[in-house]
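Worksheet: one structure, shown below.
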């Protein structure tokens, strides 16, 4: 990778602000646009953006309608205007690229590299996601996580890492999975094994239940089994895995915690984006 | 220990409320007094308190002047009035018993067992203290504790446990101590070793510094070494180990976090008090 | 699954002996054949084996030529003779089924379920493999693993689990990988990250190097970088990842440790086979 | 501490050999005596030993009768002859100094600093002791420590560290103690709590029992409760805490594992001695 890059950081939230700072500290030439509520030295126009080696658009790239996602700008920025300022051949990175935006880019001969679609970012984001979940649980529960009985549903990246961290804090962790290989993983890593399809009747001991599976695993019947005071955290993307309406009626406290990395550890999240962008740059030969 | 006790829980904060609930669930006869802002079924008078097997006064036992500490009562309760209602021979437990209060009790032939002075409560309280410190650090820092460089100063109960937990969360933990045996403990448990007297010049890498030592270890000079954004948590009792005025002038963010167990995990803290009271009861032959 | 099965355990090593014991303790009817050097109550003929619900052949199923693998039998047992005693419709499980043996079975209308090919056994076997590697390292090194610098090459099941366990023992663990997602996994789990392709010039600090990757990663040049006394363990299947001849000439101590589960923890290994066979039985509707 | 010392390493086992090597690598002038079976460049006479800044005698210092402990020498070395070669004012370090030897030294105006009596060495030695115990258990048991139920008796340095390490390997660890504060420690560190006085009737589930307490805790009755195949390791100094004769009659496999540091990790043990000697040197103003 080239030692000194010309990078444009355009739009987005606090994470993009930290990203720009990080790039600056690493010695790159950084231009910032559409972040003027948080950064003083923003560019006023994207007119020089075509000179950039690399352009980093936000996560998600799209805001309302066909606008760029710019919560820290006073103005609205149509995606088309931003894309018009770029040129083919630049490495343009963006998060959660939807088909519309991809089409707008393609029409101009631009390729949007979706950093959010890459496995290494998913893995890196698991770290602040898990830590955010732990922070919320600590804030909400009148007991310590140490000694608490916790059920983590789902044995993907986040479920596995969350189980490790909770054990590190002294919680008694059960991890539920469906596939034979996952169940074997759970045993090999010293957690209590549960089968996600066979949770009925076994939910009463938990102080905390965290869902990470993208499926309706906590329906009204299962929610009604939970003991008083049990907290339910849902980390799965919308619509999540909890029947929130039933929970409300049953008086079960539930929190659907989304987009944790940018909220609880924006600096760490920014670094994770940058590591991923660096991988893209290397692959593109820069 | 007798299976069913008559216990009076008198005064104090949310911790006493949870303690009463816990005793009730365990099948004991529980009377509650001077907690009427939090509990409906309080006794109106302590006139039957002399019938109790065990009386649990709050932590700390004394509020302003010679009053019982009763933040959840509408009224003021002079300690003398409470003690007048008790009788010699009861097991009377209280937290942080000061000489004045002890003298008031002695005059009436009462013995106050100070549960806060017992080692097992100090150890048990280390758990919510450490978890509370972690919660605050998570809330305050824009980075994850995972990957953060943390210095824990002091190698007592809390320093040791905090170091373990932080490592469980993936932090890079240095632990500073003074005694040869403590330094050997630090090495044996795989933390980076620092000598508390030789920290000068070595404080710049940390993202978080937590003091647990009852001595002024973080003076203006050391504080000035910390890198921008470093958070300083002081867990040592007043006056703490940080020059807070210097920190304010230097722009170093500091938090003096006291009485964490009752604040972050009152239910766990209540249970710890009860375990300790049970030990006292056993020793008293009840 | 049926509560009481009729199971035949045929041939193999100590692992099969423990497997038979385990089945017996669980209440199944167990017949044992071709294990007479280790078990007294062996059947003398497999003539009743066609009555079994489930037949468990050894791992690997094939010994020399076309014989069953029977290290604990006085006699030679041609595979064809064993297969002749079985009948289509039985659940027949075997480990590492080679094409020849599969063909012999197919000719008789038998299906051999290869338990060794299943992911859950691979995961379960990682546990004793990793523990065996640790035992060997402890036996061979004049230092403790605590404090030792260890490089684990390869970020599959075994590499990951080994890294966890070594950290649990206090070793300083680096884990090398190639894929971006694996490198992110390594960071997320707090190990030092190395890139397997960029190890040249960075191998001198290690006290122990464990290869788990199925590729020649430790050639003469890399071996020559290792410091005196460094131990090299190769856990990869033959031919392994080490240039053993170069190691011999360089005086680097290397151990190619294969088939560890059956050797270091045959009882645990037997249990893992049984859990896998149970999964097969369930899938076959037994 | 002076950068370059003149050190004499006299007598002892492999640990002293490694200690001499370590000192040599650190740039000190090293003389070696009474280790000629393991080291080529030994001095033939201790006649220049009075020139040393520091003399390191073995652990234990005394062999048979009034001889120096010299298992790696062809000859016998009376302690008096060695002490005659030294001079008052040198820092003379020795391990497990018995009253006779101390008296012999005192008569000559020499002070023997007993490094084995220092807390930091006890702590540092806990590391290889614990690792040695784990190695033995791995070698002896047909199951993995992962998943094994282990009882550690005694909550001192070694019991605590062993419990941590076993948990790191995935064992299910119970830790038994007597004092309230220790019991609270066990809970705070997430181990199962047992009371050493109340083990009767609760010993049947364990696969491994390790005693670290200097008291007869495993008598015939308790041993008879252990399940078949349970291994008993005794790490307590002679006479240990196990009724070995009863164990033999009951067929319980027991191992009294003593002096593990020098046996399983002599290089680590040597380093621990040197760190301790350095502390002594600093205290003596060298």
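Observations
Every chain is named by a letter (A, B, C and D) in the order it is written, and numbering of its residues begins at 1.
Just so we're on the same page, contacts are C-beta pairs under 8 Å (C-beta built on N, C-alpha and C of every residue); 3 or more make two chains touch, one makes a residue touch a chain.
The model shown is predicted, which means the values in this text are computed figures rather than measured ones.
Chain A maps onto chain B through a rotation of 180°, based on Cα atoms and reported in steps of 5.
For chain pairs B-C and A-C, the one joined by more C-beta pairs in contact is A-C.
Here the CA centre of chain A is 37 Å from the CA centre of chain C.
Chain C has its Cα centroid 50 Å from the Cα centroid of chain B. Chain C has residues 127, 146-147, 170, 187-189 in contact with two or more other chains.
Taken as a contact graph, with one node per protein chain and an edge wherever two chains touch, the assembly is complete, since every chain touches every other chain. Chain contact summary for the complex, chain C toward chain B: residues 146-147, 170, 187-190. Taken together, the chain D residues at the contact with chain C in this complex read 14, 18, 127-128, 131, 134-135, 138-139, 141-147, 165, 167-170, 264-268. Of all the residues in chain B, the ones that touch chain D in their complex are 118-124, 126-127, 161, 164, 180-181, 183-185, 187-189, 275-276, 279.
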